[in-house]
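Labels run A, B, C, D, E, F, G and H following the written order; every chain starts at residue 1.
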């Protein structure tokens, strides 16, 4: 198999890095529908996949895209799609189906500005709550958010790892600036990053239960055509996959969906912090916004303000405990988002009593720059 | 116009009551796609609407249904659709469009059990968060939840009133039990309930701005064909409706969407409480669950436990302040939901420090009965 | 079409039992006399006749009474979301082209909410076989109008008679570019077997429309009688396309054509993709 | 088709200016030479010719370069979500049947994501006119494959040539039951005017496919040259259906037909609904 | 008064035919030609109505009894049409 | 090196034709036959390429100049094809 | 069996009903009209302005019929919890329904069964009538078995007046079937009266 | 104009670059290759392992071209904020771009314009060359104007070596156009050298 990239330093776009990260992860199926500002991911996959023996298909819409990658993943290929807000909204029903049927797959949402069609070529971070609560019904979600081109690569790999490890769809939440930005990065070499693939069953097919409740709650997964003939349905089902209305089986199923993720919270949570130890004010931000926030924190430190940075990389499950720890000594936490206030509600829910929650929001398609954030630090500190 | 119902006591189904409430509100367009357990609403509208000169259309899917009712409302008719989880998920993109273009309309989501296809003929309350955060981007949402057949009627009228008053889509969040339950009710007579209709412009068409930022933030709305030729788009737009990328205009637009609702919070919040004044433990629940909770609270009082009930009828905007008031003296609040814990997070966010938040959840398609809740009260009180 | 067959080309009925998931899922959910079970027998016999291995067969369905079919069959079975079965199936097939992927869908699932995936699959020409069980109504949700419900017929959402016009699925498929199109009925079971065998053998997108009876809703609302009465209607109104070719138009009045209705060759997507991979990896 | 016309049946060009929203929205977003502007002129002239009032005309579009058209026109204009324009328009029309509702859509908007609403509108026969601007590619998002992109043509998501087959929109519409179907090109502007006038006059669902040039993407990726070159190609390869009828097949090699291609009568939904209301209110 | 469908059990004109033998095996004629997995049978009447040889008669529940098994020609109509896989043949 | 399209400005074979008169009104022949709202013109070359009378010539920016207005037959081709509503006729 | 339901003293009955809630379930297999019977019963109770009434039911997959039980709660107080908790009365048309739901019956609650179809009756405290056979034989259509049963329930519980029940039957019976339905109802009344007297 | 960009002392320049961040914008109207030029510049900077490089840009409606500006930030330190804040260098191919973006230029920042297309220059501290005309006349295709400009920028800023820039041009130039592009680049180098000497 040819390697996807030279290990030299290369100038790469965030979206391209996602595509390269996917190839690195062993992703061999992409089903998608173009939408700004994510399209370069589809275009990259269309170019690369056949070279690696993988398959690209442009579907008729985002609903079909989501369906196709679930189908392909059920058939054994690591699969991905990429979209932005409007497409992500359309995918919700089938994302829910993937949660329910525990089919691993990765959905990239390169967030654009504004609600509805909004600002297709501008930035936003207003799909943060949707990434957790988008589909009807109860699920537990894993969502990761990179902040650099190199991280676009790495977190795509992480997203696949989480997805395969926990048999669940994972969303990578990017943004327009990140997706279109180019940085000179060193592309990870083969073997440099861990690549996890779903566990396969090792029992005879008669013993195989596609949704077995194992000790770690994640069931080994046979692919369609592997010789294990199972049934898959979005109806509530038993461990074999057959529809059930038995309340004990339903509860067990839903608990499995929830706890197979929450129980591995520590493994899933990724958080990047700087100078929080002695911080009296912490700035919490993710994605592109976190880069401006980091610069603002440094500006504040230069002015002898004890500022620190908390950057969740795993957005969901929300890093309650970790963040609380970092806020142990802070008097203030300033949540900076390119939306009207979403993660800030989570922070309000979990912030220690001594720590007041402040927020800085922008939602007109432009980024918050370091000076904006620095000023706000001065104002609320 | 014939009256939709005799004012005598009649046995009526929750879903029927929604349909009758819609007719009462002056709803004259229904676009929908059948789905259990909401279908009786569509069937009722199909039967009734042409008698009232209104129009029913069964669309090819829920996306089309949502589109059609927005179109019909833009053309001047009060419009509605009804669905359940899977359909509601599919509607999200276009619901977002309705928020953005400020087109009044009512979406009924009769919640069923389980995630994904789940339990079509059973109950659930797991679309609570989705009703707030379902579409991508930032919005403010109004969501109401009845708990009896009579309230299905009344809250449908309320939903239309809110929708027309604030030029925004409103979701009525029912559930399977309520939708299929029959109660003997006295149908409101004509004039008994307030019916609000959108404000029409009274300026010459040259002066008309479809999205004018008025003092109360809600703009008068001309219908397509009324002689005011405006443009409507999901792109960020100026007060005339023309696409704009000007940051000041975008901010103004999004603020309008948000504040036209939050500013009238007191008018929108509806909350039903019982015996909270002296309660040391309050039970918070909505919909069918609240009825079991009320009975449990009475059972507790019989046992001399100072229990009280908080039943939000307006679910979104969440009644932060009102609920905090009712929790003023409570040591505990028990949030009871037919999901894995959704509103409980809101309660955690806003609960006063002295008040511990407890939760009781069920998510297997069955209701929580009064005894279950009573036992939990005993356990945590 | 239903005539005594010669023993040598007759599969015994027992054959179907070998393909059933009898332990968990029977009795099935269908109403007494519902034709969906009959279609299921036909699918199973066709697969058996072609000697496909159970492991290589995938049945994919959406939501509806028809879409409940796969759960009863001992193949790889995917019961997906309403209307999306063909898109799921496309993913399965493109990912693993050696699988035999069959979509089982209803007139609502395939033509209403799923119409877009259907026409695109016709166009794209992925080697899928779609068995469209057309009972002219939404059975599962209780008798609402479907895009196959005839103009003026009754349904619970068409209480005054349907004001819309129905799709003719075979015409739609043809307009969208399908490469193999056949139609049969649950009365004409042996013809249906042949059509499904042909569809499975076709390299490319194939459609078999299986006219079925929903006497519980369609029959009741439209006074078409019970299962037996509806099967009789099919018997009397179906006309084999082969036979029809040689008949004057008067004789076709009120009839509908069955049998193989369209069959053309187009490059198949998975094969073309395989060639591309070969070319690029050289 | 483009020939000098007699002055009496020639609208002056100025007429279009009276229908433009010149103050706010010009210059438009389209690339130099993009045919969408030409289609816009044609739509405006047709409306003018029929004497429709600005207030009674509604233009509804989805998302795409083509779908940007309505914003420039001084009618009631709805720029909706990608692919859903026809469903929005159906709501408008059914709610207020006296309005003249025109959908402006692209090959991606109408045939890819919007395919289902398109075929259902054909079937349902609501009195809408759909102007499908077919440039065989997704212009707005930068040159990806559309369902109208020919097999083997290049697109940014078909870097090795498109392995899928394209829809023939007029065949699809026919298969779905449309009552009026016409095709023209941005080169054959006067024919296009006539087709649109005919479509607007038709009581029922009508489709005009307007072949247009996206030289920026389709032309560049497929070496078809600039706007002028692509218009020339249209000039050379289009053939009026009327003329074609009397020609031997050899003469049609490589040509595509334009003009009125299909015209049938079916009861129209809004009219039927009106009758129902009358009946029930009696 | 019933709000739901009644399973189709319309009597056909066959009732007129004189009954011959009810159970062939009871008559000592060896195996019946068909096996009936009657626990799956939903009494839809299809086999009874369409058997060209009039082999079946409905029992009390409307399920098929082999009334005239010796007339069976193994034409397959009944088992091909039974939607519930009730009928299988005893002959290969 | 440019990554984007270049607006189509392919020269046509007309360049060979001898130029006659550049601006009719400059010659005192009264109103030109056409009005050009050149601030909307995007220099796509369509009018120039398709005028059967070869009335136009491109100016420095590629926009049309009325090079031979007296040849104009009011055939409408240019204004019907101009995608940007640049050209209107001065005659009714 | 609650005092309310089996007491021969009508005054006592009424009083009990006034005190609290009365829960009833009609169950059977699809097509036997259990749901319709419950709806009719609920509707008739609604004619009495003193009563609050809630009727609920359970469904099979999606809404496609097959519903096997329907419940009615009647109370003179506001009904908070709408579902049944402990039944005062269970009407079972099939053995399966009887087996499945008997556990939901209050100790002492009243069981009524179709005596032909339910052969194993888990309590002596029960009434059995061959509703289906009687419907077929005495009225001419099996479908009115549920109406006969309604008559029995009305008479045995004494919660609703005969007039209210009759009025509802007349309102809802399909045209042309009014007679047969009334006849069935009266048959039910009589059956119960006779049995009570026994 | 920062010391880094207009100093004639190459040593000084390098040091300044080492100290912090250098922000550059290339702007024009769609089709002039502004974005590509910025990408090439970013890519060439990346050849120097000392530099961190980020390139960003802004788009018109959806992704359909029309992008009018592209920015590059180069720093020897980690680049936190990826967008430009105050430009050290602005290259403007059109008057519109010059008018719009001049305000983003640092006081003393370097302005380079196409002297034929940008006639109103808001500062004396600027360089102007007729890039497009030179490209057309001296190289034969207008499209390489951006490459000439690149040459000028590379030479004037001294951030990148000629070799790295040339290497990138050779990598990215469409087949058959390598010569012309190199010629254009060298033309840029020379122009800038001559001007600096002046």
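Note that in this section contacts are C-beta pairs under 8 Å (C-beta built on N, C-alpha and C of every residue); 3 or more make two chains touch, one makes a residue touch a chain.
These numbers come from a predicted model, not from an experiment.
Within the contact network of the assembly, the step distance from chain A to chain E comes to 2. The minimal number of chain-to-chain contact steps leading from chain A to chain F is 2. Looking at which of D-F and B-G shares more C-beta pairs in contact, the answer is the pair D-F.
Measuring from the averaged C-alpha position of chain B to that of chain C gives a distance of 40 Å. Between the Cα centres of chain E and chain G there is a gap of 37 Å. Averaged C-alpha coordinates put the centre of chain D at 43 Å from the centre of chain H. Shown for chain D are the residues in touch with two or more other chains, namely 31, 81, 112-113, 115-116, 120, 140-142, 147, 160, 164, 216, 273, 276, 280.
Among the residues of chain G, those in touch with two or more other chains are 60-63, 65.
Multi-chain contact residues of chain B, defined as those touching 2 or more other chains: 36, 39, 50, 60-61, 63, 86, 93, 97, 116-117, 120, 233-235, 243.
Per the touch definition, chain D reaches chain F in the complex via residues 2-5, 7, 10, 12-14, 16-17, 20, 26-28, 30-38, 40-42, 186-187, 189-190, 215-216, 220, 225-229, 231.
Across the complex, chain C meets chain B through its residues 63, 81-83, 112-113, 115, 138, 140-142, 144-145, 147, 156-160, 164.
Chain A makes touch with chain B in their complex at residues 63, 85-86, 88-90, 92-93, 96-97, 99-101, 111, 113-120, 122, 124, 126-127, 129-130, 132-139, 233-236, 245, 247-248, 250-251, 254, 257-258, 339-340, 342, 345, 348-349, 353, 363-366.
Against chain C, the residues of chain D that register as touching in their complex are 112-113, 115-116, 119-120, 123-125, 147, 151, 160, 163-168, 171-177, 266-267, 269, 272-273, 276, 279-280.
Against chain D, in their complex, chain B makes its touches with residues 28-29, 31, 50-51, 53, 55, 57, 59-61, 63-65, 67-77, 79, 93-94, 97, 223-227, 229-235, 240, 242-243.
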